[in-house]
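Which chain is which? They are A, B, C and D, in the order written, and residues in each are numbered from 1.
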Amino acid sequence: MSDLRVGVVGVGVMGADHAERVARKTSGARLVAVADADHGRAEALAARLSEWPAGGESGSTARHSGGTAYGEGVRVVEDPLELIAADDVDAVILASPGSVHAEQLFACLDHGKPVLCEKPLTMDAASALQVVEAEHKLGRQLIQVGFMRRFDPEYAALKQLLDSGDLGRTLVLHNVHRNKSAGPAFRSEMIVRDSMVHEVDVARWLFDEEITRITVHKPKPTSVVGDGVFDPQLAVFELANGAIADVEVFVNFQVGYEVRCEAVAERGSATIGLGSGVFTRAGERWGGTMPADFRTRFEQAYDVEVQRWVDATRRGEIDGPGAWDGYAAAAVCEAGLASLSSGTPVEVALADRGNVLGT
Amino acid sequence: MSDLRVGVVGVGVMGADHAERVARKTSGARLVAVADADHGRAEALAARLSEWPAGGESGSTARHSGGTAYGEGVRVVEDPLELIAADDVDAVILASPGSVHAEQLFACLDHGKPVLCEKPLTMDAASALQVVEAEHKLGRQLIQVGFMRRFDPEYAALKQLLDSGDLGRTLVLHNVHRNKSAGPAFRSEMIVRDSMVHEVDVARWLFDEEITRITVHKPKPTSVVGDGVFDPQLAVFELANGAIADVEVFVNFQVGYEVRCEAVAERGSATIGLGSGVFTRAGERWGGTMPADFRTRFEQAYDVEVQRWVDATRRGEIDGPGAWDGYAAAAVCEAGLASLSSGTPVEVALADRGNVLGT
Amino acid sequence: MSDLRVGVVGVGVMGADHAERVARKTSGARLVAVADADHGRAEALAARLSEWPAGGESGSTARHSGGTAYGEGVRVVEDPLELIAADDVDAVILASPGSVHAEQLFACLDHGKPVLCEKPLTMDAASALQVVEAEHKLGRQLIQVGFMRRFDPEYAALKQLLDSGDLGRTLVLHNVHRNKSAGPAFRSEMIVRDSMVHEVDVARWLFDEEITRITVHKPKPTSVVGDGVFDPQLAVFELANGAIADVEVFVNFQVGYEVRCEAVAERGSATIGLGSGVFTRAGERWGGTMPADFRTRFEQAYDVEVQRWVDATRRGEIDGPGAWDGYAAAAVCEAGLASLSSGTPVEVALADRGNVLGT
Amino acid sequence: MSDLRVGVVGVGVMGADHAERVARKTSGARLVAVADADHGRAEALAARLSEWPAGGESGSTARHSGGTAYGEGVRVVEDPLELIAADDVDAVILASPGSVHAEQLFACLDHGKPVLCEKPLTMDAASALQVVEAEHKLGRQLIQVGFMRRFDPEYAALKQLLDSGDLGRTLVLHNVHRNKSAGPAFRSEMIVRDSMVHEVDVARWLFDEEITRITVHKPKPTSVVGDGVFDPQLAVFELANGAIADVEVFVNFQVGYEVRCEAVAERGSATIGLGSGVFTRAGERWGGTMPADFRTRFEQAYDVEVQRWVDATRRGEIDGPGAWDGYAAAAVCEAGLASLSSGTPVEVALADRGNVLGT
């Protein structure tokens, strides 16, 4: 089957990331078009991502001279709606400002184009409901919303643990969401709309329930923010099943980015966001789980190794340990086997690298 | 530029993983051929990886009926050397038994094929040196060895920290390498050859120095192993620059898989393998670093989100939060903004899901 | 100066602990009397704590035959008010039920006796205020309340850090208070009165401010408790300075006892109750501090060593490493010095223990 | 029974600590005499520790006017051997230089005085053996050696875990011993004699076996030390039962003080010195144990609370939360009970502190 041809609308920080992801790290997809109100940055991005192999020098691609790299490149489309409608675009990533989402989503629905839409879906509940209804009329789900935490390995493992029932019913969530700093244009409402919205999805998803009531507390703000701005905020969500979540959002924490979630259940609690997987308190113990084997532990290493080897090989290079490293390891292991047998220190007899490699 | 066409030789646990990685998770590469002494498992794997979209049902691929999925599938080649020589194979991954590596590596060099060779390079230092020399004569590096730890984010961050000089010169390494259990066929030599070899590469790589002497101590073995088998083992590596590494390898640890490395330097120590990034003791403190922003923290989540969205979209499905989730979040945020303003609890007015979606 | 002569009123779990603490672990104090509504347990405790040296056998005290152990013993007093009034009682520990605290506290004030009163001070705010006023009229503070967390090394270090101003002004507290299980007689009110009361003191003490408003949320309870019982509870405290604390109290957590406090300040957060001192997120890092030297690290070990040595010596015994351990260490160090000099393994020449000690 | 009357020989850093410990923190003991080659510091210490209550002002002791504080004070003895022989000294703590230990220990044995002797027992194995033999002839153990780690709660818990057999037989120890810095007079031998000696005792004690062979490796030293000084050092101990311990000692680590011990056993490993109790890897999990109840968690807090209350009470003061704190807590809890019942925020009605206390 041929690759999915993807167009990206909006190539600010998030959209540019997604465009590069599709072009360089995603299997089975190809970036074909980008659109942005700022045409300059769209063109710069398209040029950068049309080059391949990334970082390659002109000479190193000689052996692939039959390629049609630029012919297969990324084009810039002026009008987002034109990109959405284009025949050579199979699917769309929307990373444009939230205020234009509604129009662009309706266009995707009209053209039957699957779309991955960064949050927020739209700017208010009424227009979001119209989108839901329009999609429903199509009889087919085309819209996915960019609540990416559901794909984070830690959140996914937490969800799996809670759903397993091992800890009993989940009773309470304690969530923390902190950014290093927010710009000067920051207003209190943005905490709710841009940050807390992730916690809203996390609570709904983990409990598989709707939120029925919300209280937002305003502690006396940090002195970093201007008058009338409330940061941090402390929200309490009440869910349809009687569960409760409290959420701290603090976007001028100064320290760094931190997202944490502790689920308190009938027979234990589980926390993620500490950087060490799912940390549980259960069965009179605190801690986490050991990886079962090397594939679990080093899965990401293998992924990166192979992706970088493919990228380098396409450039005619290698990008990792070479034959000498394999040889040196063999020589040490040989000496190690002799020491294992004798129980005494054994010298490693290594050929002279300069002699062998002429360096 | 066209995708790199990869052939995999040896599709046991490791080779099958690599084959799937190339087929499903690596951008810019295509799996075209596999070979294995066990033809049955080569054919099963080829069939599984030729199917696309993975997990798709027959109906869901209807809209891509023009595709040539099976025509582009993965073929099985009987003879590994034939696979290496094949015109439609641009590059090779060797995951065959170490005892046949030498012959296959020479074939790769003969055909000018880039090769990612799982460790060990070959079974002894003498034959490994012949490989090094043969590649050197070609005047071009074609061989990369599968010491994948160099690509692990934790090891890479440790290497970067040590190379930065922030902690001064590195003096000592303490390494631990534990497997849950080894099979009954396990012999003492395998600890050195199959497990300790990774620590050999880690020590050489982190210090950027060769190992000049090795001592392997044999503590009284765990009672799990049979007579005459030494597990755990404790090795001391002495390096050309006077640094020392000690390495525990214990392949019947019972608990799980664990790989740990502590580098002790002049002004602090840094440990990885605790599952929480680089853990340092430096400047009167212990701990780690906060992620700078959400892209660092959630990079893997974004990668997975987009890969799964692409995979699902190619099947004509979605695989993540849908429009209703976007709508519900919008409704809660609207209530949150009202509570932020009033300071009191606010009910969330959500449309009736059954009414809207007819479910 | 002579020792402080202490009487303990109420020798249930907490009072018996305090009585033993005064008798066995506190310098400068002597337990002279106990009272309890259950005379039997008061007498059993008095008998046990009058014996000295604890755990000593009859023979081993022979050399101290001139002692007057039993003449100096702990007597049982029927009436708590009589104990409070007794001439040979310099100070009182109240560990009786809260319902009799008011009367006993007034008695202490009447007799000018310093008193350490377990929480609660009294059962309601009105009677507590009368106690405050009565003490104030005396012109001298005699009453200390048993909010022992202020003396916990972790809480004390947290308080010191927050007061230092290093993290800026404290904005929010997140507190967690969990017990393994509460008995069947447990009622919802006890969470507030017996458990949350500690969090009330912690919040007042850390902020050095009064609490002006409290909201107690009732999530759907754990299924372990009976109908109409609310466990866990989630309280929000608002303080006079605009700060906010949220507090989870969960007395049937099943896992174990857990008390945690995270203080979120303008330039970082600090958490205690993880069992590893003050854990901070500050200056782009997470973690804690290294002990400066061995006295900080091993202070408790030295205290225990000397207390146990004194106790054993009074019994005519030793209770720790003996002369042979000192000799064996000397022999290994001598061999170690030889190895340090030669760089090779050195055998340890140890005398035969059986020959030397005839064992 | 009367208190144990203790004399301390040698009041440098360690001896002064011990003297204060006996005088202020140990139940059942009284410091009666000190001796030191530096008479000035012996007198300063005696004067400081004769004052009681510590930190008290003259006026505050008025009500104890019948006391005989100075009559019961600490006297300075010129000759250590005279202190050891003195009739009013029941037991001795030796914290003098190791070079005079042998003579002073023989004196203790001659006078039948129990003695707690700081390490080393003596300066070499031969003289240490003479001490062992002399004590053995007495037929009674009088000597305890100051290997205080055996009394550290973490080491004690580790020993208990290993002895329980839950993890199977212990196979290997990995020990780390780091100091922030050593003075300029530091010589390589001191690592073995003063620091590694603790690891020697730990290995002997945990395995309950003698060490039969030792190898001391010398990595290229940190650049902080002068020529010819070896720091860090890496020792390998081989024990009579075939177990092995490796030990890093690094006395110029710059960061802080760190002592760590990982015991690797047949079914898991256990580490202490991370500051969070016994950290295990066992049963597919990593982590530690939750405290069972508040007495375990807050034992030290209770000890400190009561010791400080006793000390303050003897000075006629209080040193902790007072009646107002008890009242304020009662008022908040009353409001909390109202909120528990109503589910809404409740204001806390607190009397005006200034009115009540006139402050």
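Simple rule for what comes next: a residue touches a chain if its C-beta (ideal position, glycine included) is under 8 Å from a C-beta of that chain, and two chains touch if they have at least 3 such contacts.
Everything numeric here is computed off the predicted structure, so don't read it as measured data.
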More Cb-Cb contact pairs, comparing C-D against B-D, go to C-D
Comparing which residue numbers chain B and chain C contribute to their contact, where sharing over half means same and under half means different, the two sides are same
Averaging C-alpha coordinates per chain, one finds the centres of chain B and chain D separated by a number of Å equal to 46
Taking each chain's centre as the mean of its CA atoms, chain C sits from chain D at a distance in Å of 18
Check: chain C positions touching at least 2 other chains come out as 217, 236, 238, 255-256, 258, 275, 281, 284-286, 288-290, 292
Touching chain B in the complex, chain D uses residues 168-169, 171-172, 174, 176, 217, 219-224, 232, 234, 236, 238, 241-244, 246, 248, 250, 253-256, 258, 264, 266-269, 275, 281-286
Counting only contacts in the complex, chain D reaches chain A at residues 281, 284-290, 292
